[in-house]
Each structure stands twice: as structure tokens, then as C-alpha cells.
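In this document, chain identifiers A, B, C and D correspond to the written order of the chains, with residue numbering beginning at 1 in each.
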């Protein structure tokens, strides 16, 4: 029920519903595009091809899916607490989506050059930089919303803070993994995998579940 | 109308609206990707190519579409009765989507190796395992929601139970079909087709419709 | 505000919101997939290739897009008046989507075999049958909803009737065009184009607009 | 709470919710398809290929993404103020989506013929015409809504006017860039990039942010 006093404010702030719908679509597409690029390479029997391509599924497909999943979860937590979006927030959100949508490209490059260590060094670096950029853009979005007081007034920001609690370890982890990847690309991929799992697992809830059970 | 007593709980539980929107996008995209991979193989006239590729449309495209459709229907029935989602539920949901999104890959492998029985044995097995994994992840999601009391209080779970009633026959059917596929891949595909039809047809409603008419 | 009397009915009927969201996703994907398949053929300069491929854009891409658009419009008009969806309606809806999602495949086949009249005869027929199947499945969905009294009670069905008014001419048009396509594929494509334009243009509203202006 | 007087009007006007959902899906999908087409060309090391392909990412991918993003933002602002959609508005909206969905095709053509100036002249022109068509279709949609009084009565149109304020400079910019592209394709791409940035940056809000900070 918009009152006269409410209307001018509503006009300046923008509807967040469509931003969420558009973002959900883009996150979902980017996640699905990952598998559109999966392919087997000719030499060998079907079974040999599958085992040969195995790392590409496990490592790249799953890391990328988990990273997009974690970015989507963080985005959900952020916009859920948002009272309003302003024009700059909407553009920053588009920049986040620009990086998310880019992820299938380095993922495919890596999967295509499996077992070619010279190219892999370059592509693993590009891949790590993209993963890092997704995380940083998400953090920038949250920082802008906090700075511009876009959150609902009755949100104390406690949960949001907990959502962003893993930010520093994750960013440091990516920087270390990217540097290691310049020399040892396969170790970097293992680290990316570890970071993706660390970023998405809700340790507190899992612990609560485990302790309650015992 | 959130009361003071309601707000802290709402904060811990998470909005299910965006989970549904994201899931709908991923289910829909995975279903559409299936056809993006359809192709005809060169030798022969257009008509011969179409008839040659016929089993790939009927069997793989339709089985995969029906399986994604059935998973989406089960997901709808589940989240419709959900009072709230918790952080672990959201991650389990992402795992379900991870497997759903993977399905176009073995579907394409199978369609690409039509009439090559040596590769087909491997890919039919991979295909069956993916179909089984989708069903099991959906059941795990429902089991978690029941165990953690995430359903609305005024839902007695009767309908949900009926949604899950076909779980055991379907799982047993998949296990048998996968084992048969190691020797007779084409029989396994026929069984997958039968299971997909069995899983999606609402026999009780169809019976009601038919008896009422006569 | 669900009352005790309302709850059992709500439980048997299913939420139509997610069916709409899922359908919107699938319609949108199928429409976008059409352009993913557009490509130029090598011989000639860039300009020659563009002009050579011109019919493929106009005819196939636009016919397919308009057909999906018309199917989506009819779907919107139908579910907008729906009071509830039942399990069978949801499955019929999936069958409609199955055919819609299939459309990019014959579209691509046609565009790929441009100027090869022998293959085109076959693919034009397949294309016309798919267009007809989309229309018939949409009509079956509307007929089922009417027969099972799924519409809102205060809807007299007048508008719906007007949505379905073009059904018979369109179906007859498709049948004639498909038969003609067996001998003259290019004439059939021109007819498909005409039918798509006829099906989507709201003549009454356009007339009202034109007469009011003069 | 629809009253008797409201029902007949509601029946003639159509629900805008599903138009938004369908449009969001198509916008999001078109934005994601852009990256599905990114690829590296064989000669050289991985690093050389990446640097060689660099302009295709920066120029084409980012210009296209920003253009789709700006079109989506304008669409959001438009439908947000819409009280109702009529049948012709829904069809014009489909035409806008038809052009948006087409954009990945000229984007891919340009990226594929990178460094081949003879083809590029043709494709840069096609690309510019598509960008212009997206903008003009968006403006046509807004003009139709204004002319037919589809906006909410308490919207004075002030904000919408500001959304359309950049229309004339953008259209003139495109026409100049397209003409320049006939002789100097690479300069045209630089201009397209400038126009895309100009069209999407909210200068007033950015200025407010900067002045407040100092």
C-alpha cells in the first residue's frame, strides 16, 4: 500500500525483484554452459577416453559449478536483506554477472588443453584470476550496499557479516594458488578445488548437525 | 506479516523463492541443452540420416527430457510444501542441480556413438548412473527436509509420501537396467525408457480420468 | 488466507507459479537456441555469404521465433485464467515444452541444407510437422483445462475462446503447407511464414489502433 | 481484490509478470550465449593466442554484454512503471527480444574474422545495425506505452523521460559509427564501445556519489 510519502522514494530506488530474476537466469545459464563444453578426445576406447578426461570433469566442471553456486548463494543472502537497489547497484550487479558469465570460457580452455602442461600454465592463471574476480565483485557489491545503506533497517547485518567472513581467507587462498600455478598448474587446480569446497560448505551448520546426531 | 518473534527465525531460514527460480532456470536449461546436441551423421540421403538417427531422438532425447521433467515435478512438490530452506538444504539442492546439469553430457555421448556397440556399453552405463544419481539426490533432498522438519506444519506429508512412493521401484529398476546394460546396452535403454514413463505418469489421476469417462 | 475447507483442495491442485516460471525459461531458451545455430557457409566474400544465408535468417529463424512467441502468448493467456493445475495438466505442459524445445533442431537442419533441394524436401516436412505439433499440443492443453474445469470460476472463457479462434485456420494452413512442401519445399516455407505472421498479429487490436488514429 | 468494475478491464489488459519473466530469461540467455562463442585460434602458444584474441573479448564480448545490460535496464524501468500490457505491447516486446537474441550472431561473426579487414567491414556494419536496432526497438516500446497510456496513473513519467534522455545522442552516435565503419571498421568498434559505456553509466548518480565523498 504505497502512501504519498512512500511514492517518491520508491521511484528513486528500483525494484529488486527483476534484478534477482535476471541474475538467477544468468547464474543458472553460466552453470549449465559448463557442461555444454564437456567433450571426449578421440584416441583410445570409450572407457580410456572417459578416464583420460576424468580430471576435466572433476576438477574444472565441479570447481566452476561450486564457484558459481557459492556466488549465487552469496548473492541470494545479499539481495534478501536489501531494502532497495539503486542505479549504481544495478550496474555493479551487471559487472558481477559479466565475470560469472565469462567463467565457462577459461573452464573450457583448461578442459581442452588437458595434459598439455605448457598451455595449461597460462590457462590455469586465467582461470584463477576469473575465480578471484567473481569473489571480489561479489564483495564489492556487498560493500557498496553497506556503504550506501541499501539494507533493510531491521537487518543488523549479523548474518551478512558471517556470509562475508570467509572473504579474506578465500582471497588470500586464490592469490597464493595463482602464484603457485605459474610453476605448478596442477597443484593450483587442487588448491582451487579446496577453496571452492571451503567457500561453499557451511561448517557451523554441518557441525551443529553432526553434534546433534551423536 | 512478520512479528518480532518471527524475524529471528526468518533470518536463520532462507528465502525459498530464489532457490525455486534458480532451480527452474537450471532444469529448463538442462532440458533445452539436450536438443542443442542433436545432429545428423553424413552418410546417406536426408531421409536415411533421419531414420538412422531416429533411435537417438526417441530413446535418448525423450528419456532425458522425461527424467528432467520428473525431477522438476518432484522438486516442485517438495519445495511447495517447504516452510523454509536452511543453508544445508540450499547446498544439497545445488548438488541435485549439478547432477541434472550433467545429464546432457552422457546423453550426447550416447547419441554420438549410436550403432557403435563397443563404446555404447560404456556410455549406457554412465547414462544409467547419471539417471540414478538424479533420482537419489532428489530423494536425499526430500529426506533431509523431512528429517529437519522444514515442511509447513499443516502439511501431513501425505502427498509428499505419494510423490516418493515410486522411489524404491525406480531405484531397483535402474540398478537392474544398469547391470543388464553391461551386456545388452540396447535392452538397458529400453528399460530406462520404461522407467522414465513409469516415473512420470500419474497412474491414479489417469485411472480416475478414464473411469469417470466410461 | 487458507481456510480448513480450502486446504485439502489446494493440496490436490498444484501451484501454477512454478509451472509458469519453468515454462518461461524453456520458451526463452528455445527461442535463443535458434540463433546459436546460425552460421555462414565458407565460399565467397563476407557480403556474398551474408546474402547467400539471408533466407535462413528470414525464413527459419524468424518463423521459428514467431511460432515460439505465439505459443508463449497462448500459454500466458491460458495459465493466466487457470485457477489451478492438476498433475495431468503439468505433464501435458511438459509434453508441449518437449515439442517446443525440439523446434531448434529442424530449424538448424533446414538452415544447414539451404539450397540443397533434395534434403530440403525432407527437412521442410519435418519442420512443418513440428510447427503443427506445437500448435496442437497448445490446443490440447487448453482443451484439457476447459474439460476439467481448471479455469477461474469468474472467467467466462470469452477471451480464451478468442485466443483459440485462429486454431482451425492455422491447423488447416499447416496441413496444406506440409502437403505442398512434399513437392515445392520453398513454397511451403513461404506458407509457414504467412501462417506464423497470421497467428501472432492481433488483427482486432491493430484495426482498433488504425481506425482510432484516422 | 478485483471488483466487478475492475474485472473486464483486467481481462482486456494482460498480466505483465510473465512478460517480465520471459524477457528476463531471454536477456540473460542472450548475454550468456556471447561467451559460448568465444574461442582461441590455433597458431602460436597459449599466451600468444590469448593476446591475439584479446580485442575480441574486450571489444565484442563487453560491448555486446553492456548493450544487452543497458537494454535490460531500460526494459526494467519501462515495465516497472507499466500499469498494464496490451496485446500489441506484448508483440512489440517479442520483436525487441527477437533483435536482442540476434546479437550473439554478429558478435560471433566479428570475433571469428578478427584481423581480416575485408570481412570485418561487412560484419562491423551488421553489428552496428543490430546494436542500433536494439536501441530503436526499446524506444518504440516506450513510445507505444506512452501513447497508449499504459503507465500507472501516479507515474508522472519524469524518471522514464530521464531513462530515454540518452536516446538521441546514442542513436546519432550509432549512425555516425556505422558510417565510419564502412571505411575504418576498427574505429567504429571503438565508437561502439564508447557508446555502450556512455549508455550504461548513470552519470548523475556517479557524480552525486563522488561529490558527496569529497
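We take it that a contact is a pair of C-beta atoms (placed from the backbone, for glycine too) under 8 Å apart; a residue touches a chain by one contact, two chains touch by 3 or more.
The model shown is predicted, which means the values in this text are computed figures rather than measured ones.
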item	value
Remotest chain, chain A as reference, centres from CA atoms	C
Chain D against chain A, contact positions shared by both copies (same if over half, else different)	different
Cα superposition of chain B on its sequence copy chain C - rotation in ° rounded to nearest 5	90
Centre-to-centre distance between chain D and chain A (centres being mean Cα positions), rounded to whole Å	25
Chain A and chain C, separation of their C-alpha mean positions in angstrom	35
Per-residue multi-chain contacts in chain B, two or more chains	21, 25, 29, 36
Complex contacts: residues of chain B adjacent to chain C	20-21, 24-25, 27-29, 31-32, 34-36, 38, 40, 45-47, 50, 61-62, 65-66, 69, 72-73, 76-77, 79-80, 154-155, 158-159, 200-202, 205-206, 209
Footprint of chain D on chain A - complex, ascending	7, 11-12, 14-15, 18-19, 21-22, 25-26, 29-30, 33, 36, 86-88, 90-91, 94, 97-98, 101-102, 104-105, 109, 113, 118-123, 126
